[in-house]
Structures are given as C-alpha cells and as structure tokens.
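Quick notes on the structure that follows.
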Amino acid sequence: MAGEYDVVVQAVRVPGSGYVELVLESPELAQAVPGQFVHVLTPGTLRRPISFSRISAATATAAILFQVVGAGTAWLAGVAAGQTVNVLGPLGHGFPVPEPGRAWCVVGGGVGIPPLFAAVQRWGGQVAASAILGARTAAGLVMVEDFAERGTALTLTTDDGSRGEAGTVLGPFKRWLRAHPDGQVYACGPTPMLAGIAAATRGHRAFLALEQRMGCGIGACLACVVPVHGPSGPRYARVCSEGPVFAAERLAW
Amino acid sequence: MAGEYDVVVQAVRVPGSGYVELVLESPELAQAVPGQFVHVLTPGTLRRPISFSRISAATATAAILFQVVGAGTAWLAGVAAGQTVNVLGPLGHGFPVPEPGRAWCVVGGGVGIPPLFAAVQRWGGQVAASAILGARTAAGLVMVEDFAERGTALTLTTDDGSRGEAGTVLGPFKRWLRAHPDGQVYACGPTPMLAGIAAATRGHRAFLALEQRMGCGIGACLACVVPVHGPSGPRYARVCSEGPVFAAERLAW
Amino acid sequence: MDMTVRLPRGLTLANPVMAASGTFGFGPEYGAYVDIGRLGGVSAKGVSPDPWPGNPPPRVWETPGGLLNSIGLQNPGIETFIAQDLPFLRESGTRVIVNVIGHTVEEYQRVAARLEREPGVDALEINISCPNIKAGGMSFGHDPDQAYAVTQAVRAVTDRPVMVKLSPNIESPARIAEAAVAAGADMISAINTLVGLAIDRHNRRPALGGVTGGLSGPAVKPVALRVVYEVAQAVAVPVIGMGGIAQVEDVLDFLMAGASAVMVGTITFQHPNRMLAIIDGLPAALAVHGFSSLPEIVGVALPTRRQESGR
Amino acid sequence: MDMTVRLPRGLTLANPVMAASGTFGFGPEYGAYVDIGRLGGVSAKGVSPDPWPGNPPPRVWETPGGLLNSIGLQNPGIETFIAQDLPFLRESGTRVIVNVIGHTVEEYQRVAARLEREPGVDALEINISCPNIKAGGMSFGHDPDQAYAVTQAVRAVTDRPVMVKLSPNIESPARIAEAAVAAGADMISAINTLVGLAIDRHNRRPALGGVTGGLSGPAVKPVALRVVYEVAQAVAVPVIGMGGIAQVEDVLDFLMAGASAVMVGTITFQHPNRMLAIIDGLPAALAVHGFSSLPEIVGVALPTRRQESGR
C-alpha cells in the first residue's frame, strides 16, 4: 500500500559512472507495479521522484536506478548499504499488463530504461519482449545486461554512435512498428523521444511513462501536470497520480 | 596574522556533557592574544564566534571550548579529530597584558570561562591570578582543573549551589575587590554579570570581554555593536574589531 | 494543556495547526498518509465558480530554502468540489475551510453563496492574494478598496466565519487587513506567497511555465512573521499565521508574533505527517518556554503585550 | 573570454562581480582577506551627510537560507568617509561606488555634491530602499514621485554614473525604476533587502533591536530574479542584479534575467573570497552553457531576447 516508509538500503550498485542503483528492503514497495515510482526524501525542499528499476515480491525488495544530475541525486548516491532512506510509495499508476498474443516492444531512452526493465522483469515471461534502448552515449545504456539475461531481443542506439546504431531509438522503433502492425509499445525517456513515439503509434496500443517536476507526488498540489484530452477539450492531468503512465492517445501534446 | 584558514582539528575533548573543546593546529592562530576569537564556518548563513580557551605557540596550536546551544555548535561538536574546520582569525582585540605588581582577578561565568583560562595560561606565570568562576550548575564550571593545575586561587559559585558558593560570582568578586582596592579585573560571561562587574569596578583597571551577534566578524558589517562613550556622547562600537575586550569604563550601558 | 482555539462565529479548532490551502489538495489526496481528523483544520485548494485550467508546466521549482509554484489555481469549479471532495472533508472530522477565488467580486460572491447551502463547511478563506493568475486574484489583495469590496460581497451572502488572506507583495499588508476587517472579515490569514522567478539555465528561460511564481517555504518565514506582527497590531480580529513553518518552534514564533492559529504548507510535501508531529509536540514546547496555556503565548512579542508583562 | 563590462558614462568594470553595499564595509575592513583590486567594483556602506548612529543591537539574526539585518545605516558621515576610507578604496584598484543615503532629498544631494570634488569615485548608488530607518530611506523607494525627485536632485549635481537601488517591498519595483530613469538615472541596481522579522523565543520579543530588519541571502534570490527580470523589461538602462548570489551559477541566472553585472553581499560573511572564486569561475561557467562572450548571456531569458533567438 502506498505510504511513507523508512526503508533500509540493502545494496548499492554502480551500473556505470554517474549512475547508481539502490536496492530497498520493503515488502510494501515490493508490491509495486512496474511504472510506479517512489518520492525520495533528500535535502532541499522537495522530494525526488524515481521509478522502480526492479521489483521482487519474492525477496521483498524493490530497486531504483538513477543518474546523478543535481544536488538531490548526488546526495542519494552517497547513501551506503545499511542506511535508511525515507520514501513515499509506491506512487502513481504503472503500466497495464501487456496483452498476450501481441508483439510487445519496450522503448527506453537514458534513465527511462529502468522502469521498462521492471516491466520486462514482471511480464517478460508471459509476453516475449523486444527492447529498443537508446542514450546519448554508450555510458547511458544502463541495464542492457539485465535485458539480455532475460532473452529480450535488443536493439541499442546512441546519439554519438559509440554503441549500437548511431541516432535515436525512433529509427529502429519505426522499423519494428512496420514489422509489427498489431504491436504494443511501452516507452519512457526524454520528452522529444516520447513525442516521436506518440506520433508514430496513433491507433496502436502505446503507453508512455512521463516525467514532470513534482511537488507532493501524491496528487494534492497539481504541480506535475501534462495536457490530456478531456471530454470538453484539453485539460491538465497529474503525472504523479493519474500517471506517470498514460495511454499515448490521451496526451494532448 | 588574521586570515581565513582551513585548520586541522588535532584533538577533541569533552570537558562535560554539552561542552566540547577542539584543539586546532595552526601556527597563525597560535599567535593569538587571549581574548581574541575565531569566526568558525558552520552550516547556515553566518559563522560562529568562539574565543580561544588555550593558545600555545610552542605546539603551534590553539583551542576553542564551547557549549552546544544550537545548530551551529551542534554541528561543530560533531567534527572529529583529523577533520578540518574553516576559520577567520585570530580576530579582535584581546586582553592587555596585566600590570605586574597589582593583584589580578579573572571572573568568568559559564562559557565566559575559557578566554580567561587562556589569559591565565599566558600571564599567570608573571602575575599571580585569582579566579572566581561561576555557572548555573556544576556542569557549567568548565576548565576548573586547568586553573587549579596552574595554582590559581579559585573561588567557585553556582546559581543552584551544586558546587562552590550558592549564588553568582558577584558576591565573592565584591569581597575580592574590597580586599584588593588596587586590583585589576578581567571578566567574561553573561551580560548581567558583566554589568554588575562594570558597576562594581568604577575607578579600577577592569577589562570585559563581550559577546554580541555577529555578521562578518571583521569589522565590515556593523552588526556586533555595543554602546561606548565617545568624544561627543555615546556611539556604537564593534565588538568584533574594536572589542571583544573593552575597558569597563568605556562601555555606555 | 488545552489546545482548543476559539475563533469568531463559533469556529472552534481542536488545535491551532491547519493545512494551508493548495498544499493539501481538495481533501482526499493525503488521506492515505495523514490522519486528517487530528488536524486543527484543512484549507482546501482555491475554488472558483467555474473550472480553471491552471498554468502550463513546469509548475514548481526548488529554490534555496524555498519553493516556487505557479499552479495558477487549477480547480474543477465549485460544483465538482462540492460533489467530489467536500463529502470526504466533511466526514474527516477536521474543520473544513474553503479557499475562495474569483476573477471578479461577483465570482467570489457566487462561490460563497453556493457554499451557504452546503453543510460541513466551517469557514471561508477569501484568497485575494494569489500571485499566479493574471486577472483578479492578487490585484484584489493589492488595493484596500478592492479588498473591501470583495470582503463585503462575501459577507453579504454568508454567516459563516470569513477570513481574508493577505498578499505580502505590497508595501503595507496591514492596510489591506484593515479594509477587510472594516468590510466584515472575522479573521485575517497571512501570508500567501511572494512573487519570485527562477531561471532554467539549461533552457535559458524562466523555469516556470507561468514565468513568475509564488515563493513559499522556510525562506519566507521572516517576511511572514513581519506581516503577522504588523497585522496583529493593526486589527483586533484573530490572525492565522503561515509561511515557512517546518517545526514546532516555528509555530511558537508565529503565536508570539500575534497569530491565534497557524497553517502549514510546503513542508507537507516533504513530510506529510509533520503537521501531526507539530500538534503532538506543541504542549511540551509551550511548557518548555514557560507557558501554561495556549492563549498565554498569543501575541506575547507584540509591543502592547510586552508592556503589560514588563519584558 | 573578455569579462569587461561597459556601463554608461564610461564606467568600465574589469568583470561583472562587485561587492554589495553594507556587506563589505567602507573599504579597508576586508583588505586582509580579499584582493580587492580584482573585484569588478565595491559599493561602500551607505553614507549620509552627517554621522548616523544606527539601530540598537542585536542587528543580525540568522534565518533559513537567509539573514536579517537591522544595522540602521550606521555611518560616520561623508566627511569622515572621505578622510578615512575613500583613500584606501581609491588606491585598491577597483571601481569605487559610493552608496548614498539621506533623510531628505536635500541630504542625498549634499552627499552627491560633496563627492563631486573627490577623485576616485567611479559611480554613485542612490539607496532609496533601505528598510532599516524610520524617516526617509525606503519611503523614497516606495513612491515613483519621490524616487524621481531624489534622482533628479542627485543628477543635477553630478556628472558621475548614477545607479538607483530598488526596494522589493512594493507591488511594482519596475515603476520606481521607470521614474528613476526618467529623472536621469544611468543604471538600476536591485534588490535591496526584504522587510522581515524574527522572534527571539527565549526573550519572547522581536529578535532585532530595530524590531524589523532586512532579509538577504539565498532565500531572497527568487524575488531578486523576478525584480531584475521585470525591471530589465521596463527600462532601457543597464540593471545591476543582486540578492542571494552564492555561487557562479547564480550569477548566470541574474545575467540571463537581464542584469549586466551583479553585486554579492551576504555570502561574503561566510566566504570572504567567494567573490573572487566566482570571478575566476565565470568564463568557464559561461563556456559550459554555450556562451562565447559576456554580452551574449545578458537578458537571454527575457521575452524579447527569447523571440530573437527562437528559443
């Protein structure tokens, strides 16, 4: 159940320079749906939202994987195994269960990759997944080995060509979509990438996990909005509580 | 020379519950005059002024002894030996050299005691000192053993009578003054105590080390003032740069 | 120690700590995290007659010791509020304060009049001080005559306790308070946010979608205390203080400066349960500072009270 | 990268980082700690025709992310300043700005006129915005007509570059800026401190001897940026930005918001050498953010500049 929890950090991993993954001991967080997130207490005046990178009910743990970009993530990167962090979670609406019998592709950019791994970890046994993962440089391609271990069909891209195809995920993704006209898509990453996917997937089953600056993280402050189609024209929906996962067609970008 | 220094904490002592003494390695601070102080960098927006409790040119160290009263001193109490603190110092004007051949009494209240020990440490060999030390309770009577080791004639008082005479230092001090009409006095402590001493010592050689809320600590911001007699009536003088030690008769309380 | 606060028109709070408008949603959102019934009260997010869309995102930005927001008073309108959120608040057991907004005097009045027919509304807070909307809103809080007009219009349609919320973005909030009280306000609440701006260096533009935003959090506490201190001397009605409260000592400061009760906002985003911790800690904190009752501390730092007590 | 800033009437700064008035003394005090000659400039503590005693202590109080001060513009008067402090500043090699205060228009004018006879004064900063004195001071900064009158009176007696320093404690600092520019101000500096109050809980009274004080430091940065952003759009003259600058990124924010140069105050109390660190770090910080010259960044976040560049 969503709540405020002090959770022990069971392990700290460094999947690459500037990236940190924390494994959190928490039966409650271990009930999360992939695509959900925690709002982590850091110094400063706001918490920091971070998606689950792995969720394991069996071990009663959930992990978060983040890039160090500013003061909050820098602080969090300094937390050691055995220490406690305070989180609100699991928050928001995660991905829906992928429909069996349809080709499934997860498309992740940079730190958008972790929640997609959580999805593949959860549902990859039932529905075979392809993964198209991109980043600016090879260093940003996190969790590739985790996908590979699960037998996910992988396509990698980097903006600078340092690993996989040069360019963005949109090229390989459009090829995949042409090959799988009935395919379903889960995506997470930078806004331009998601906008490109939304444009390419009209009529498809496509779910996007969005980011937005957040206050409360639980639906109270109306900070974290994105425009969605409403019955009477566009309206602002809260990413934290109505998302972060939205059906692509709902978004009024 | 006064400057900004990163100094290594050579040792941490806990002279009593809620009190901490840090020995700082610094040839520069070791040149200080008793009564001078350092302005210590702590979190928050202002530094914290603390007087020297011991000064040793021989070991190139100077110590500060403080009571934990708020966030700044609590932070400073957490500094461990071997770590570095940033200070501005030595700052202000310390005590003048006591005149030889005159009885000398140091009167200290609570955390006003440390700078007086520094004075006795420096000049006690030349001019025999009496010390009248007071505090609210026995726990506040810091450095008593240090005075005792130097053979200082000691009188102790506590407000609650838990050690020494019950009451304030003013009782024993006035007795001392009657016995030593030509005596000289150095005092540091809470304002009411200093005001009492100033009132009792008109015509005597009396020097008071004052406290005041400080900004810069070096004379630039005019925050730390006390009223003193000026050529054309009272004016505000800066405790940090014109003090903290003032001749009692200069003060326009 | 009895923590009850007795305010005008029979408004009685179980304790002096309430949730500030806009930081506690329309009611249900924090239900899973906070035992709402234990709060002194909840001021719901501002409600207008018709739905307001709010400002484009980003709508929040962290600043040193503070928070900028430019929500733009997004709200579903009074009818949806009454249908969807009010029942929850009414059942929660806390005192329910509805924060009222409008573009015109008539819009404020419409919300107040509409609420008159609803049970479970304990007070109205007239928000004439929100910096995040272009028309109306703050301008009412910047001009005594307009503050008077809005308050009078609301007063004309309700017998409920009415508090008017002040903007700190003007030379003299006390003059606005005087106008509101002259027009029939039962209480003053202060402060709303300070107008500020942050830069998104990466994108080389103002960080907030609404360009400027409202500053709240510990950073603004000294400004809030100053306004409370001035207003408490200017008017005879109770003042509800807020701005940067993060711990129980902050509450003591506001009470000493003349507030009869307080609201707590931004800190809730970090610590949903901090309000309850403050409530739990208040009796001991008062005792430590030598107070044996709540009324004793209210305004003790004001010149009048200081003269009385000879401090 | 060339860090020179060219301002009106030939005022040229070696770099855009100056010491803010009141936080750097009258000149000599920081001499032992800071290589003053490397600063873009120094604005000395406010000077009046005759000595002012200042406010009773305590005069400073720490607040969350900020500092309250109530110095009350203690100063030895213009003659003592000229005799004792100006020679040091003049020799230091930095640009010397004299911060001018008065109780009346005539007093401001007297200081300006007196300085006209002194070499080594590079500019005047007219402080119509200090919250810490009862008569004069801030009231001039709260009324466009009075701001006009003071500026015009100073302009009449000096050919030196004149900047007028704004108060943020009003609805529209931009309107004061317009009045000052109409009266002949060459530049605007902003912001002075926000009026605030702290409570000394132990003594149950306002913490500062002067009761209210001026809030500065990182806490006020969003308010300062907002004022700079508004003023830079309202007037065509250069704006000198300040309020809460603590690191080089803060300087970028102010420049993007429309400031041509900045002043640094409160952080100096913690880090006397921070201004020099900022100066040293500025070229690299500009380069990291894609700027190849200083003028390029100035005002890049303003609506007009954003249209030009299509961002």
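First chain written, first letter: the chains are A, B, C and D, and each begins at residue 1.
Convention: a contact is a pair of C-beta atoms (placed from the backbone, for glycine too) under 8 Å apart; a residue touches a chain by one contact, two chains touch by 3 or more.
Only a predicted model underlies this, so the values are computations on that prediction, with no experimental measurement involved.
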Residual chain groupings, excluding chain C and keeping positions: A | B, D
Those chains which touch chain D and also touch chain A: C
By count of C-beta pairs in contact, the leading pair of chains: C-D
Mean-CA-position distance for chain B and chain A (Å): 59
Distance between chain centroids, defined by C-alpha means - chain C, chain D (Å): 33
Centroid spacing, where centroids are CA-atom means, of chain B and chain D in whole angstrom: 36
Rounded Å distance between chain B and chain C, as computed from the means of their C-alpha atoms: 46
Per-residue multi-chain contacts in chain A, two or more chains: none
Junction residues of chain C - those touching two or more other chains: 63, 65-66, 217-218
Chain-level touch network, classified as line, ring, star, complete or other: line
Chain-chain contacts as defined at top: A-C, B-D, C-D
Partner chain D, residues of chain C touching it in the complex: 63-66, 68, 142, 169-171, 194-199, 201-206, 212-213, 215, 217-223, 225-226, 229, 244, 246, 249, 252-253, 256-257, 289, 300-301, 306, 311
Of chain B, residues touching chain D in the complex: 1-4, 41, 44-47, 88, 212-226, 235-236, 241
Touch list for chain D against partner chain B, complex: 22-25, 29-30, 32-33, 45, 53-54, 57-63, 65-67, 69, 71, 74, 217-218, 266, 268-273
